[in-house]
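The following pair of complexes shares a single chain, chain A, combined with chain B in the former and chain C in the latter.
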Partner chain A sequence: MFTLEPRPDITLWTSLRSSAIALAITACISLLVLLVMSDRPADAIWQMLTFPWQGRRIEVQFGLVFQQTAYLSVIAIGLAVGFKANVWNIGAEGQFALGSIAAYAGYLALGSPDGLWALPFILLAGVIGGCLWALIPAALRITCNTNELLTSLMMVYIGSHILTYLCIGPWKGDPKAGQAETYPMADSIRPEAFISGTELHSGLLILFAAFTLLAIILLFTLLGYRLRVAQHTPRAERFAGFSPDNTVWLSFLISGAMAGLAGAVYLTAETGKLIQAENYLENFGFAAIVIAFLGRLHPIGILLAAFMISYVNVGASYIQASLGVDDSVADLIEVTALFAFLSTAMLDQYRIKLTSSPAVKKQATS
Partner chain B sequence: MKKLLLATAATLLLGGAAHADKTKVGFIYVGPVGDLGWTYRHDIGRLAIEKEFGDKVETTFIENVPEGAEAVKQITQLAETGHDLIFTTSFGFMDATNEVAKQYPDVKFEHATGFKRESDNVSTFSARFYEGRVVQGLLAAKMTKTNKIGYIASFPIPEVVRGINAFQMELAKHNPDAKVDVKWVFTWFDPAKEAEAAQAFIDAGADIIVQHTDSPAAMTIAEKHPGVYAFGQASNMSRFGETSHLVSIVDNWDSYYIDRVAAVLDGTWAQTDTWWGLSKDGAGNGVGMVELASYGNLPEDLVAEAKALQESLRSGERHSFPCPVYKQDDTLAEDCAGDGKHLTDFPTLVSMDWYVKGIEGSLPK
Partner chain C sequence: MSPDTLAFLLKLLTAAVLLATPLLLAALGELVVEKSGVLNLGVEGMMLIGALFGYIAAYNMQSITCLEELIPGFCQKEERIFTFADYLVALLAAAAAGAMLAAVFGFLTQGLRANHVAVGLGLSILGAGLSNSLGSNFLGVNYTSVQVADHPQILGQDLLVWLSLIAVPAIWYVLQRTRTGLVIRAVGENHDSAYALGYNVPKIRFYCILFGGAMAGLAGAFIVLVHVDWKEGVTVGKGWLALALILFGTWKPLRVLCGAYIFGLLWASELRFDNLFPDWQLEWKTLLTTAPYVFTILVLVIISRSPGTIRQSAPASLGKLFNPPS
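Our next item is the complex of A and B:
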């Protein structure tokens, strides 16, 4: 019989070890999945690992990977703030949508400008939009004691319906577009690609800058310390000069701001217009939840996890095009990784001990 | 430098041998292959290519591609993985196709139902589905008892508007009392939404359902209501409407796809804009892109009348939009002024954004 025994010492070494075990489990199951899903499994596995060097232009593949990494990591680090403090905002997808909507509203409010000076204001509008949308579940939790897990999720669906409504209704663009969308923004205010034909654009730098800024705040400032303390007990939180209510507000504010910024950058850099929700949203907001946990809620872990999952996603889209393997293989690998990392995280805090049968043990202790 | 070495090694190991002599043809689908309508028919076209050319070609498809930023990535991946010819089979892929085409001048692109050809390696193709709508207009005129017809429309693009207008003109000719009610669902493939629209029409008294969306959902709803009839769209949907299916407009991409792949194989591929109807040239020659399949649940004399109409459209004896054509506000269409015989392809039909007389409501603008 196995029993779990709390570890007296949690070190970097135990963390790394459990991560390595999780990675190994993920790799094994992924191999099995690819074996089942592809008729040329050896090619599939090899190309999945080395796809950036397989295609015609290496910068195209790395562009796709870095682009996803940027969106996922910036949203995930925002969510991690709340998750650490037991505040469960799982509605980043909605805050991302509202960030995009607010950014487009900002663009319209500025009179559809075509100068680069407008970009900071448009991004700021996106940040505010994401924040405001996130504050709704926060306010409901504080005033009515509703479960923010449910409300923040529900707000995603409301947000995506608002997005589609705006595209069909008040902000409807060219009706001949073949999908519901707004009129495009001026090309001159959209971040340009550094290398033509790739996803590497200056918008990604903005996202990485935001990520770095929040990482520094979390790791090296008093505010970050307070949020970390809040994780352990509400009492400690109060000693640290922080009320539980403030933790809720602040967690939602930060995660909403990051998702909103991501939404605003996505609008300006990727599409240049709002599109009906099912064609616009790429599920970054939901995937970021997985990234936050894979990264153990730590900035560096999040960055690594975002890179790993992006690499898997783009690799899956590559082998879909080259070998016809359905790209749902990426989802399977992502979920496998999540299970592996969550279950091995337990090994950080507990050690497995082999004992004699429970009955005998009971006798011995009584 | 290390990356470069790795890249060379990888190319030597795998890239070379695997697909050196085969021509790779890729497809981007907006829906699932199993939509039993639009995408399904394109996939039949893909299989026709494999059958025709065998070992000389290799085909790939990516299904369920959203028409936003995602489309650019997926088309790029096809170009990146060495495809020589790429078919993008939805109107909404128009900008994405042109964007990627500029980055890969040596790859040929074929975009369905669009009109933008921004670089030399982009061709467009579409079918004159509206020829089938004319026949449907006749059948609806004769089969309706309530004189209420529900028309499920996807997006107000010219292709869909042409269908509505062709249907309405023939309907009004045979049954001036019948009224068409158009509902815009703003989706190509959403069985739940399509079914909901069909149900709403039936609840409001419609006994004929016409659809310009991709799934057989509307047909299955019509099937549940005795006395309600429906038309199949894109593929033969007769098996979903044993007692309700009148006729299906079937898309037939096979002969066009085979032509284009052959052109790539023998090096004669060049930019074109192709528009085939029941026949290739509109004068009865060749297998076109439009077929009418499985007339059913109809009196025999009406089937004969419909088939005669179909044949006259195929042979070019009659046009789908014969003059005089009146717009919704009762003004005569510009093409019909003077001695115009019918509406012209350019610029009228390709960019049609107005209703003909008799349709109520206005186009979403």
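Our next item is the complex of A and C:
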């Protein structure tokens, strides 16, 4: 038996060490999962780890990984701002959808332009759309004291139904398409790929720029400091003259803006048109919550976590194609990683102390 | 009342029962969990996993006999037999799957003291992802062959409907009138005092979490065995609605029951709008499907406006980290 003893100091060293332990646990269980789920485990493990250097061109494979990394990390860092301050916005998926819708609305409002000058306005419209959608749960939390976690989630369902409604209703495009969708945007305003045949396009640069900007703000400015204070001691926050209400507004505003931007970039770069919700939304908004926790709510951690999970996802679909291993291994690895990281978080705060078991039992019963 | 309206009302009620029962089952399970001071946000994930495993079990338990086989290996007409015992096994599988996932939650939050909210959210998201990828074999190509035969009924309703209704007074009785219930409430109200009295707080909470998981699993099984066939995200957010229901019912089983049936009725009437307005367009019906979620938000706004009600009835230690003094 063991007992946990609170640790007075939390340093970079302890959190790096617990992350390393979590990573080791994840790796071990992932190996077990691959051993069970594949007929040729050695091949599966090898290909999963080295898939970019197998078969197709390396830049194509890395393009897929970076594409996912960009979307996941940008949404996750926005969410992490709120999570740090105990503001639970779990509706990024809805803000992503509304970002896309607003971007398309912006495109229509500009009169369906075909010059690259329109792109910034379209992206801006997406950011505003995501923000506005996120501000609804924030406003309800502040005025009516509603649980923002539940309301922001309900807004996801509402948002995705609005997306489907627009695709089969007012903005209905080609009726001969196999799915409900709008007319595609002009090709000329869509970000182009740097290397033909890959998913590396300038939209991803915009996302990474937004990520970097927010990371700098969080790490090096007064605003970032404020949010850190809110996380540790809400009382101190008030003494220092920061209002908790403003923290709620700000968290939702930032996470909504990031998710909206991701939605707008996704619309312009990936699909070029709105599609009914089940075919358009790829659960980036929910996966980003996992990424935020995997990265321990720290910008650098989030970037690494997003890269790791994207690598696993692309790798899993690669070995599904090449070896016929079901790509649910990616989900299983993600589950393992999340729980490993959440459970080792306590190693930051507690020291494990081994005790002889009879003594513990005696204590508990007496 | 004309027979037409009567028939319509009857249909409405039947639909309401179908929609309310999973909500009620999941909410009652979570009620016990929250009474013990734990906030498990993984209800949706446990419901989905329970639904998937219940469905797989039911599919494998039913016996299929081919009546007509014109082309060898291709059955034109078949008979599916799904007995009561098979049904019970499927329910058991669902409850076990839900409880397994809940055990992970319990181990992380009680054993390793991880953050309740983070682990619960993770459970929901990953339960959804996992059930999608594991259940993808039960979709698409051979969709028609994965149907489960009709479930057995008791007095015109499914077994689980009666079970959920009996569970309301049962849970009330256990929580309010028995020693076990007193211990659970004590742990939820003040874990430090309960610990000082010699109760093993993490262990008691762990059992409550297991119970909540089993109930969520049953709720998921009800959806796929009685209401609709398995598909991705088949619970459409019912697990989250169950969480909202507990706030609505201020942690009282009877009020949770009322809430579940109000939600069920509203949801059912929204689905029956087709019959009332046949000339409505598809796009408007799509917007109408958001009604349960809008309604949930409205309900949350109304009950949260008076800050006293929730704060007074919520278990005092709900969602707080328990550090035993050592």
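Quick note on the criterion: the second predicted complex is superposed on the first by the 354 of 366 C-alpha atoms of A that agree within 3 Å, B and C clash if a C-alpha of one lies under 4 Å from a C-alpha of the other, contacts with A are read in each partner's own complex, and residues count from 1 in each chain.
Going forward, a contact is a pair of C-beta atoms (placed from the backbone, for glycine too) under 8 Å apart; a residue touches a chain by one contact, two chains touch by 3 or more.
Quick caveat, the model's predicted, so the values are computed rather than measured.
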item	value
Contacts of A:345 with chain B and chain C, given as first, second, both or neither	second
Contacts of A:162 with chain B and chain C, given as first, second, both or neither	second
Touched partner set for A:50, first chain B, second chain C, both or neither	first
Touched chain A residues, chain B compared with chain C	C
Contacts of A:93 with chain B and chain C, given as first, second, both or neither	neither
Touching both chain C and chain B, counted on chain A across the two superposed complexes	168, 278, 327
Chain A partner contacts - residues on chain B that touch it in the complex	3, 6-7, 10-11, 14-15, 18, 26, 60-62, 66-70, 73-74, 76-83, 90-92, 94, 102-104, 155-158, 186, 353, 363-365
Residues on chain C engaged by chain A in the complex (per definition of touch)	41, 104, 108, 112-115, 117-119, 121-122, 125-126, 128-130, 132-134, 136, 198, 200, 232, 236-237, 240, 243-244, 247, 281-284, 286-287, 289-290, 293-294, 296-297, 300-301, 304-305, 307, 323, 326
Sites on chain A touched by chain B in the complex	43, 46-47, 50, 53-58, 60-61, 64, 168, 172, 175-180, 196-197, 199, 266, 270-271, 275-276, 278-280, 282, 317-318, 320-322, 324, 327
Of all residues in chain A, those that touch chain C in their complex	3-6, 83, 88, 90, 140, 144-147, 149-151, 153-155, 157-158, 161-162, 164-165, 168-170, 278, 283, 286-287, 289-290, 293, 326-328, 330-332, 334-335, 338-339, 342-343, 345-346, 350, 364-366
